[in-house]
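Look at the two complexes coming up: chain A is in both, with chain B in one and chain C in the other.
== the complex of A and B ==
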């Protein structure tokens, strides 16, 4: 096979996540119409479900680019939202609540990076510890102040002004634009890809990985803060299970969007956005088609198999003779 | 390093943990092991932690991150419980039959997981995400998302965890099995070669796929054993663990895995797994002693802090030694 053919094949495969999103969107519209449901309402549901995942995952892309991962993102989102609710209920100040949510997200993420960078601990292990601590503390606050099932809440009128599509789309686009700028058009973004692709080579060329690890976690922290705020906008109450699945769904979203989990030069900032919406569309299609609570298990099996197939096809360019690790 | 020094260093951490925790208990007028029941729980928990840690480390030491451990434990125990109940209806011998079926089911699930990894040639972490979702989905479908109770609540199962003896036999059997398989067989030699240098090992003719499949099968079998022990200990199996609800089990194994790695510097790593599991079990028993004062939140925080502090020491001990040398 000549080089031109290989490049063409690579380009086609690189477009597959986008194509999968487009196909899933069409299938979703067809299924909703066929069932006689209101398409606008269902699109709104999918958008709201995917929005938080896409924003947190876009921030997390910076961490994944470095070749590491953060399993505490869901717990950090829960903790940020919990503190936000507590602050609002004490002060009734929405601006302060937003500031606390954003700052908490950044501080939680920074703590992970500081532990990893200064004490030379593998980043994923610090995030495992952080996940335990943040989940436990959030659960304690929620249980003491509102009960494990009911949770804690703020009046829905407080977040009503933000619960509209223009605000949510603007937030998503703004954060995405900032992320694209940092990732694609700054020295920091390029160096992050270099560190993720070959840490030793990056080190030998004088790049300080610690600096970029901290920056990556700050970007993820901003994503967490925005995600936590939008979670409250959608549902103004926090329970112990809020955002519980985000941490792992981020893996799925990023890989589904065509980014390698190993990070490096092949990292794509749009992967989280494309993958997040694709995954939510897929889940919602299956839930509509298999319309029964007992079918949750079957839905999950089918979506997992579909996930593996898509990842297998998008990863076909990068198969090696050795088993990947 | 002399043999005596090696033995002393190997036993240092568990001995220190025992002394500190027993000291805390005694200072409050209690003891870590307060009776026969407490000792039974201690040994069963040690077995669970040791086997989970071994299962985690088999693949993680080879650079294969596997999220599906909890799903394998859960699904294999559901399969074991359902089939056993179908045959014996909770009668005598239920525990033994469930043990056999659960371990076999676990090994099969592990083999399937390994086969998917080898066939797709995707990074193991990605494959394990998909496999976890599939196994959780199957578990949910079999159980209808409910807890399995009648299948595991019978006299035979109570007797299985009602004495420390069976758990001790399992610990000994697994320990001997792991030492022989990973240190005294050609599979073990290949495993260690692949662990140290994948490219060179494959170039010398080692069949990597076969080795990986065996690793996943052993890992699955061990998690089947954990599923059985958990089912007997909790007298129920949670069948409704969707959307990665099953992965928490692997996080409990991180701290003992790192402790075992440290102990392994002075002796046998597999013995290190047992000793680190003993440490975790001592901590768990101490939490049980102070259960009215230390809630679940505090326990989680203590565990997480211990993990971070131990890793800080492990990754910076050369610096710490240098600082103390100057003092």
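== the complex of A and C ==
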């Protein structure tokens, strides 16, 4: 196979996640219409379901680009939201609440990166430990303060002004634009890909991986903070199960979006956005088409099969002897 | 060039999603003859007043495998659905408040008439979401916290709640503990199920009180539950009294195997569970011949455990105990929203029935089984209709 053919095939495969999103979107609209459901409402639901996932996952893409992953993202989101609620309930200051949420997200993420960079513990190991710690501390705060209600909350009127599509879309686009800029148009973004693709080569070139690890985790922390705030905007209460599914869904979303698990030069900043929406659309299509009473978990089984197919197809891109271009 | 195309396409698709989302209604709702076009709040239920129309009720569930949950589902899907012009749509197991809200929004977009809740991550949010979308809402398992009920009792679409109150849960646990104390048991193991789930916290506190023990130096309900919430479980060092609690475990059955084995090694004279032991541990406890108790439901599997296993005490509800909630919801859908004498959403407390042998178990089980549930069509018909009043519903619930 000549180089031109390989490049063409790579380009086609690179387009597949977008094509899949387009197909899923059309199938979703068709299914919802065929069932006679409200398409506008259902689209809003999908958007709300995918929003937090897409934002946190977009931040996490920086970590994945370095060839590692963070399993504590869900717990960090829960912890940020928990502290945010506690701060609001004590101060009734929405601006302070937002600042605390954002800062907590960044600090949680930075702590992971510092442990990984300074003590040279693999990042996925530190994040596993962090997940346990943050979940336990959050649960303690929630149960002690929530008591018989089972959770803590702020008045829904506090976040009501933010619970609208323009704000949510603007937040998503703004964070995405910043991420694209850092990822694609700065030296830092390029070096992250280099470190993820070949750490030894990057080191020999004089690139300090630790510096970019910290930057990647800061970007992820901003995503966590925004995700935690938007979680509160959607449901202004926090229970021990808040954001519990985010950690694993991020991994699925990023892979669905065509991002190589190994990170490196083929990492794509849009993978989380495309994958997040694709994953939610797929879940909702299956939920509508398959009667839930038929068998619990059948949608998860089908999603898993799709996941394996996507990994196989996108993996075809990495099996060539051709260097990324 | 190709990379640019890829990026542009990706952004275009995401933008398409957001733009479509922001646009107005692009398809008619299943029941969308409402004239309110100012918001997304499709008043789906109010549009369907035709008595002959199939009513659609969504059911929020967190537990999809417990004996009680299966009994409830069986009653709605097999008995009620066969006898009334109604369809029930169960959610998958809802893990969080976000899942609950999304599920309600999906019911609304499908044009459902009402939502019955068996899930309790955030009931306040459930009520507010149903109110926003104009869907009738009722609680069928447990009740709202008193302050929450005060807040939401005047909401137009909050139909009401029928279930055991927190005090009832405490008393059910207390009676169970007292049963073993009166038997002369000197050492027990306690299974706390899903503490800090409030229902399980109240029951566990009740068990300790019933055993005649104290927790953190008190046997007062509020004093005990406050500490258990804080401890996120039962701290055995805080339990003191004549009956020794030799082991305590909580959590899903498959994650507590080692703890169960450790508890068995301590040879407790009884194993007291505040929920789900009949699902997780019935076989093991029966094999070890350890008398055990639980708060669950009168189902076939529990009947088997009582007859051929070591289940000795079961505080349970009829599987059809959720019948009155269905009736209240049907009345509301049909235009007769029943209110209490003060004009608020109704709130009825249901107690537990106790079986301590196969005979008493069968009395409840057989009476509530299959085609002859306690709340059968004949009794429910008495509280479904345009002329039904609060007193009619109250009288029926209290009669069972």
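Rule of thumb we're sticking to: the second predicted complex is superposed on the first by the 310 of 325 C-alpha atoms of A that agree within 3 Å, B and C clash if a C-alpha of one lies under 4 Å from a C-alpha of the other, contacts with A are read in each partner's own complex, and residues count from 1 in each chain.
Basically, a residue touches a chain if its C-beta (ideal position, glycine included) is under 8 Å from a C-beta of that chain, and two chains touch if they have at least 3 such contacts.
The structure presented is a predicted model; accordingly, all values stated were derived computationally and were not measured.
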Clash-or-fit label for the pair chain B, chain C on chain A: clash
Contact breadth on chain A, by residue count: chain C or chain B: C
First (chain B), second (chain C), both or neither touched by A:41: second
Touched partner set for A:120, first chain B, second chain C, both or neither: first
Partner chain(s) touched by A:245 [first = chain B, second = chain C, both, neither]: both
Touched partner set for A:262, first chain B, second chain C, both or neither: first
Partner chain(s) touched by A:201 [first = chain B, second = chain C, both, neither]: neither
Partner chain in contact with A:135 - chain B first, chain C second, else both or neither: first
Contact residues of chain A, present in both the chain B and the chain C interface: 139-140, 244-245, 293, 296-297, 299
Touching residues (chain side chain A, partner chain B) in the complex: 115, 119-122, 125-126, 128-133, 135-137, 139-140, 244-245, 247-249, 251-252, 255, 260-262, 293-294, 296-301, 303-305, 307-308, 311-312, 315, 319-325
Residues of chain A defined as touching chain C within the complex: 11, 14-15, 17-18, 21-22, 25, 32-33, 35-50, 139-140, 143-144, 146-151, 153, 156, 165-166, 169, 172-173, 176, 231, 234-245, 268, 270, 273-274, 277, 287, 292-293, 296-297, 299
List of chain B residues in touch with chain A within their complex: 62-64, 67, 116-118, 120-127, 129-134, 136-142, 144-145, 198-199, 202, 208-209, 212, 242-244, 247, 251, 254, 295-297, 299-301, 303-305, 307-308, 311-312, 315-316
Residues of chain C defined as touching chain A within the complex: 2-3, 5-7, 9-11, 13-14, 16-18, 20-30, 32, 40, 42, 64, 77, 89-93, 95-98, 100-102, 105-106, 108-111, 120-122, 124-125, 128, 145, 148, 166, 196-198, 201-202, 225-226, 229-230, 232
